[in-house]
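Going by the order they are written in, the chains are A, B, C, D, E and F; count residues from 1 in each one.
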Amino acid sequence: MKQHWLQPPEWSWNITEGEATHVHQWVAPLGEGSDNPDLILYGAPLSRSSISVSGASLYPNEFRKMWKSFATYNLDEDVDLSPFTVVDTGDVTLHTTDILASHQRIQEATASLVASYPQTLTCMIGGDHSTTACAVRGIKDVYPGEKIGILQLDTHLDVRDPAELGPANGTPIRQLIDGSVIKGEHVINIGLHGYYNAKPLIDYAKQHQIQMVTLKQARKQGMVETIKAALHQLSTKVDRIYVTVDMDVLDISVAPGVPASTPGGMTAVELFDALLEIGKHHSVQHIDFVCLDPSKDSAVFETVKIGVYAWLQFITGRVCSSY
Amino acid sequence: MKQHWLQPPEWSWNITEGEATHVHQWVAPLGEGSDNPDLILYGAPLSRSSISVSGASLYPNEFRKMWKSFATYNLDEDVDLSPFTVVDTGDVTLHTTDILASHQRIQEATASLVASYPQTLTCMIGGDHSTTACAVRGIKDVYPGEKIGILQLDTHLDVRDPAELGPANGTPIRQLIDGSVIKGEHVINIGLHGYYNAKPLIDYAKQHQIQMVTLKQARKQGMVETIKAALHQLSTKVDRIYVTVDMDVLDISVAPGVPASTPGGMTAVELFDALLEIGKHHSVQHIDFVCLDPSKDSAVFETVKIGVYAWLQFITGRVCSSY
Amino acid sequence: MKQHWLQPPEWSWNITEGEATHVHQWVAPLGEGSDNPDLILYGAPLSRSSISVSGASLYPNEFRKMWKSFATYNLDEDVDLSPFTVVDTGDVTLHTTDILASHQRIQEATASLVASYPQTLTCMIGGDHSTTACAVRGIKDVYPGEKIGILQLDTHLDVRDPAELGPANGTPIRQLIDGSVIKGEHVINIGLHGYYNAKPLIDYAKQHQIQMVTLKQARKQGMVETIKAALHQLSTKVDRIYVTVDMDVLDISVAPGVPASTPGGMTAVELFDALLEIGKHHSVQHIDFVCLDPSKDSAVFETVKIGVYAWLQFITGRVCSSY
Amino acid sequence: MKQHWLQPPEWSWNITEGEATHVHQWVAPLGEGSDNPDLILYGAPLSRSSISVSGASLYPNEFRKMWKSFATYNLDEDVDLSPFTVVDTGDVTLHTTDILASHQRIQEATASLVASYPQTLTCMIGGDHSTTACAVRGIKDVYPGEKIGILQLDTHLDVRDPAELGPANGTPIRQLIDGSVIKGEHVINIGLHGYYNAKPLIDYAKQHQIQMVTLKQARKQGMVETIKAALHQLSTKVDRIYVTVDMDVLDISVAPGVPASTPGGMTAVELFDALLEIGKHHSVQHIDFVCLDPSKDSAVFETVKIGVYAWLQFITGRVCSSY
Amino acid sequence: MKQHWLQPPEWSWNITEGEATHVHQWVAPLGEGSDNPDLILYGAPLSRSSISVSGASLYPNEFRKMWKSFATYNLDEDVDLSPFTVVDTGDVTLHTTDILASHQRIQEATASLVASYPQTLTCMIGGDHSTTACAVRGIKDVYPGEKIGILQLDTHLDVRDPAELGPANGTPIRQLIDGSVIKGEHVINIGLHGYYNAKPLIDYAKQHQIQMVTLKQARKQGMVETIKAALHQLSTKVDRIYVTVDMDVLDISVAPGVPASTPGGMTAVELFDALLEIGKHHSVQHIDFVCLDPSKDSAVFETVKIGVYAWLQFITGRVCSSY
Amino acid sequence: MKQHWLQPPEWSWNITEGEATHVHQWVAPLGEGSDNPDLILYGAPLSRSSISVSGASLYPNEFRKMWKSFATYNLDEDVDLSPFTVVDTGDVTLHTTDILASHQRIQEATASLVASYPQTLTCMIGGDHSTTACAVRGIKDVYPGEKIGILQLDTHLDVRDPAELGPANGTPIRQLIDGSVIKGEHVINIGLHGYYNAKPLIDYAKQHQIQMVTLKQARKQGMVETIKAALHQLSTKVDRIYVTVDMDVLDISVAPGVPASTPGGMTAVELFDALLEIGKHHSVQHIDFVCLDPSKDSAVFETVKIGVYAWLQFITGRVCSSY
């Protein structure tokens, strides 16, 4: 019997019901969406691999919960995102105490998705930066003959020595270079600034020809121009481009939810401009967003909101470039 | 195709899957649980009727989200709650700007539930204290010939004048007495203390023979004995007992999430003892928990946790008394 | 007898004593200031009409308390504001539970002020955005034959459907257009950006010819030039201009005290430049500032400080343009 | 002309208007209340004399602002406080950079009040504990021949060496003993516990026969009995009793607004019981409350609320004992 | 050359200089203290083994930093702790990404200390509860023929299945029982309450004869009597007693810094009484304190302060019993 | 005996051990570094001289603790700072209750350092702005015949009247001008904006020919150009330049740890650019950083991080200009 005025509890709803004007109504779970979606999303909720205590493992779910605050229409570009299809395949199931096993699973899950959906953009939501090495290795497993280039937005080089730390969050780029998965010259890092990389790490980067673009340089050249030039250059040298966005590239005043963010970092608008441009380049086939720890975020979750906004900018770029 | 290591996103799950060891697995949505449940739960997410700004409207959902942190086994009494059946009928649908319409809907929804499930305990989760007047009127609509008694755990009398404020959160007991729904002599308030009721309100209470039991008296007599005596006395005078728990009865140091809580209030353990005893009395057929504003709660949600614990104590009392 | 070293308690002071170097000494209560002041201030402390829980009703008083932190001299323009006369008429007295009655009172109070002081700027301090519809209707009541234009600084269009929500805070512009108080083509909204307006709302705006200026466009054109052009255009089409500043136009990183603020919004300096320019245009006769919830503000009350600063910029603009 | 629905801004009100059901309506400023009030209140907003950074100077005004949350009726004792007359003489005017001058002014202001109102209870609101030494010296200046006893509720002995620190907040009791204003044997400290007094300080206390009653002892004997015995004993040895309540006697979990509060301290109810009992003893003629730093208090100002409650308990005790 | 008024920066000091009135002056680093100290302290800063994100790895250092706020004199017992010798051997060096290796190192470090100092109490500061299993195994390695009993103060049984989770923080007691290091009947858990252990875990505990003493039972019997009886019983059955204090046994209102703390838990005073009594029993030779996450603590670090206080109570008990 | 896997507790380490890649390893305590260092650092932890409650006295130590988060390599300029020698002489020892004595000691300590190290840059870390007057007087004591110019980055003029306040934090520039230590025309203040200086103070500044450069002017001219022009102009008129950075020049949204910061202030990047330029000018021989109160800073210490970054920018400028 239907009771007067009572609606079922929210937790028993199918959240995809209703008109799809907002992001939570637009994204489909695997099996309910398109067979050949434009973008596949998956979470890698691992952060016990972080050198410092990190709650970045909580990000995939907080990222999803914030969807209902975002419409699927971008006013700046006057474009409707809803024809673009996004499927959420959920999270990689991780082991509680065996970090290497968890890394292996992220690699296998990525390979599985990339192999199954060769035409689809993949988007991994971390987790800490150690997950990026897993994802890139997973792609390499599927395309062993291809050269992979990396565009990294980051305050840090992330080339600390895995021999010392194991495959921790400060090491992914070095893991990949030392493991011959990628070449240093195929890495471009935009967002470096200030006093956050010790000299031995800079020496390593120079020795392996990692291209370091400081934020000061990017601002002088223009963020959009800088991104465009970087992607153009990479696309002439590699077969596919993986973009990794370490959210610590953001300025500390806008990103309290990224413990490693620093003064002098990117503004939110700079990041949004960068991702809009990145989205427009079809050589980019994989992207991740890592190192956002929602448990440190402000009461209004401003960092998580920036995270969703940035992700939507990437999609907006892709949609705009498809016309 | 099943992907390696990937599990579906949490938001696409049926939350009642899995072994029912925790509360979120035990409570059923309407239609999936028993036809004749032991307790029916419904939310009344209204707090724009509060004199001061209140986010108590957010409580029903935060209450539900906290279920996963509670097992269905009570260790103190060594009793398994899982055979007791609880159905969640969801929230009353309210109007955004017409408060009187919202009040009317709460009254009708309550009447509908009470009429449909005459053998079942009803439990309303507020919302502010104005919702209690609606619920009691709804019961009275179904049983116009019965005398209803009220056991109120509260720091305040809540007998401010609706002629001045409208049916706001400071007025429910006076609405009911002045409206001849209940008699003042059938109200027992336990938890009063300190300097939180102005003299004109105390004068009103004395004039209408509301029984005021201060916390100091309850502590001298013992909380369990005080509750037992109050329920015994009420049960000899009325046909059914409605218990209303204004969470502001709690001490301010344990209940940051109740803006009206004060120093000198109940400890959590006192409240838990009271509710265990209340649950044991079968003359109690209706209960509500009101005035908890989760947006003011501490970072660890201690007040919401007390709210769930208190509700489970009531159920534990009922289960223990059924043996 | 005067006691040694003791001064009377602050609460027994007349706060307007002393040299008028700061704002709290400069603003006069009604009856003590000029008969024909330059600007009249009134509060509309209503926010129970908000869709989400809002403490914007607390803003008028917090706005006033912050005055003592501001001098009446603007250093950037090197101008002394003290010859400009400001009268504070206090707040509209509202009903606790009848929202429509409260809306009616705001409309009547506005009409009363506009009729009594035809040469005076009116400035309403909200409250949520539903109060804007009341204020504009009040002005229309006094000048039924005039066309009123609206310059709106806002992240949102605020054209949700009152048929669904009642006259809630998401609906004021639509209330006014659907109620034929204003025309859509006489509304210019500056500050729109990102993913915060669903497609049906944008469709409504386009259909009614609301002029949407995104923040991206405003930044490209220059904020001052954008404002200047908008006011010039409006002034050629309408008889008087009402400016409504929804503080959620601000970026979330500078406005924690506006729950609806978002990433990608206006910086404080952009807002200050806009209001300085707005103040210079004598076609602007009415202004309001809405949706700032001080209970959500940071510990240093940065959002309230921006609110006072922005208001003083408007006055500075007017003072500068009077030379 | 009166405007429709507008009421004057709060800051232009005389706050003592209206029915005196709450504390802010009951307390009178000097000159407007009784010529011979029952209690005189004055603030000593000095805390730059604190060893650690302290905002206790902010307490007198925050204490007063909280009055509106308290009724003048005590429900536990069922007694109306309103016939008891309280006058607020305001704050001692202090010097910004000359701490010794400020101390001197507190001493002179106290002397002035004590001399002018010999029948009246004095109540000083600090400030830090250094102000207590000033107040006691002020009383001694008026009654040089009298023996003054001190009942101290405190976690610390406050007998650090002024030779080392100057007259800082850790030194008042030692200042008074070493300065022969009081005798050590006329000091009873209740509330000591744990590991918060270094051995040399305990040695000093033992040598000067300060009576140390630990909280453990007080709990075993009963708080009320302990206070009663202490006051009885003091009253047989001295001419007048000064009670100093260092709010750091409270447990850290209930008093976040007292930076020096510790685990294992008094509960709020223990403090309230103690002050009710203290109020009943007519040998007590002076009281102060010190060391509460509102800038450290929780968002709901629980410590300030305890401060007002405790002060009202003292008054309730006096009112009850007057029957 | 000594500069006028300048003292060396604090970071270049030897912190053990000065009179030893406070804890940081009393504890000695290994090699500087006694060869045969009364107690040896070591940190096990591991919490990446926690099921939920935990910063308990930060506790050993925050614990040490708080020492300067504690004197070495206990006023309640009127006893000077300074003759008791404490040596801090520092922290176990852990691996960043290999949790099993870290566990192995904690086991070996414990064994090394126990073997080297057979007459000395060992005190491990965690870290999460997984470290307890390591420590007990380390002791067993040194004394393979001895029976070890465990007194556990905890809200949880911590007998989740390591087969599912690996050796995570919810599993230590089960690891030890299933691994035949201890027997279930030699475990007494005091502090259990409420709804925080699912039925399968209680079934496991009953099956293995773990003795469960609820907080309700302990309060009825008296905390000191309960502890005394438990230790007496254990001492008749085992060769040595290991006490593990999971700080989540504390009530959530006093322990914001323990994410797993709950309503209805121990008060600080109950914990202090328990540890004083535990310290008095010479059959207790090992103790640990785990699961306190300082990054979640309140601004005044109340939980860390309780942690230091509790540890000193244990030492006070031992000192008192040595007379 | 070395224990397995145990490392000594951190507090017993010599912090300067290890490779000097980070700031805490690079700065030397007095006596261990160079005899003729490039820069000498000293703290002036005085803030009880502040008009409002201030914890700026805590800044020197928090500043130092943050060093470990900064590398000694600047990526933007691609320059290694480690050859530049910095000595930390520690803090001036201050009096607890005699503010004038503390001021005198800061003056003498400064004079002592300036006289002893005539070739060395001095850098004072405040404390509040009253310390600047002491430092400049100390320099004047050593070089009585020299003209000292001041470049002040500040939101305020700091020319309040010491006759009224004593030598409090709002008065230093006026103390120096009125005391004939400097001339008003040799003061350039960059960063003034908004409504934060009352008219009488602006009148004083104009009368004494203090050069006021508003932030609006600086932004129009370019921050680097503005600084360059100011230093060039000063260097033609004075013998040595003292730079004082009142951290309240920063915008409130980036500097929660500076209670006097305001909306409309400098961005972090503007401050960093300014200090890089300042560092390049060899006429600058003294610098201070004042008014940062770490107790008010955000949870991630963003203001303290900006403080360290700004200081390193100054050093980077000097290093770059030395090539």
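Things worth noting here:
Just so we're on the same page, a contact is a pair of C-beta atoms (placed from the backbone, for glycine too) under 8 Å apart; a residue touches a chain by one contact, two chains touch by 3 or more.
In UniProt terms, the chains line up like this: A, B, C, D, E, F = Agmatinase family protein.
Just so it is clear, the structure is predicted and the values come from calculations on it, not from any experiment.
Under the contact definition, chain C and chain F share the contacting chains A, D. Listing every chain that touches chain B and chain F alike gives A, C, D, E. Chains compared, chain A against chain C: the Cα-based superposition rotates one onto the other by 120 degrees, nearest 5.
Counting the residue numbers that touch the partner chain, chain B and chain E have less than half of them in common. Rounded to whole angstrom units, the spacing between the C-alpha centres of chain B and chain C is 40. Chain C and chain D, compared by their mean Cα positions, are separated by 44 Å. Shared interface positions of chain C, defined as residues touching 2 or more other chains, are 253.
With chains as nodes and touching pairs as edges, the resulting graph is of another kind, matching none of line, ring, star or complete. Contacting chain pairs (ordered by label): A-B, A-C, A-E, A-F, B-C, B-D, B-E, C-D, C-F, D-E, D-F, E-F. Contacts from chain C toward chain F in the complex involve residues 21-23, 70-76, 80, 82, 253-254, 268-269, 272, 298-300, 302, 305-306, 309, 312.
Interface residues of chain E, counted against chain B in their complex, comprise 192-200, 202, 212, 214-216, 251-253, 256, 259, 261-264, 296. Taken together, the chain D residues at the contact with chain C in this complex read 1, 3-12, 15, 24, 29-30, 32, 42-43, 61, 64, 88-93, 105-106, 108-109, 111-113, 116.
For chain A in complex with chain E, the residues that touch the partner chain are 47-49, 51, 53-55, 57-58, 95-100, 130, 165-168, 295.
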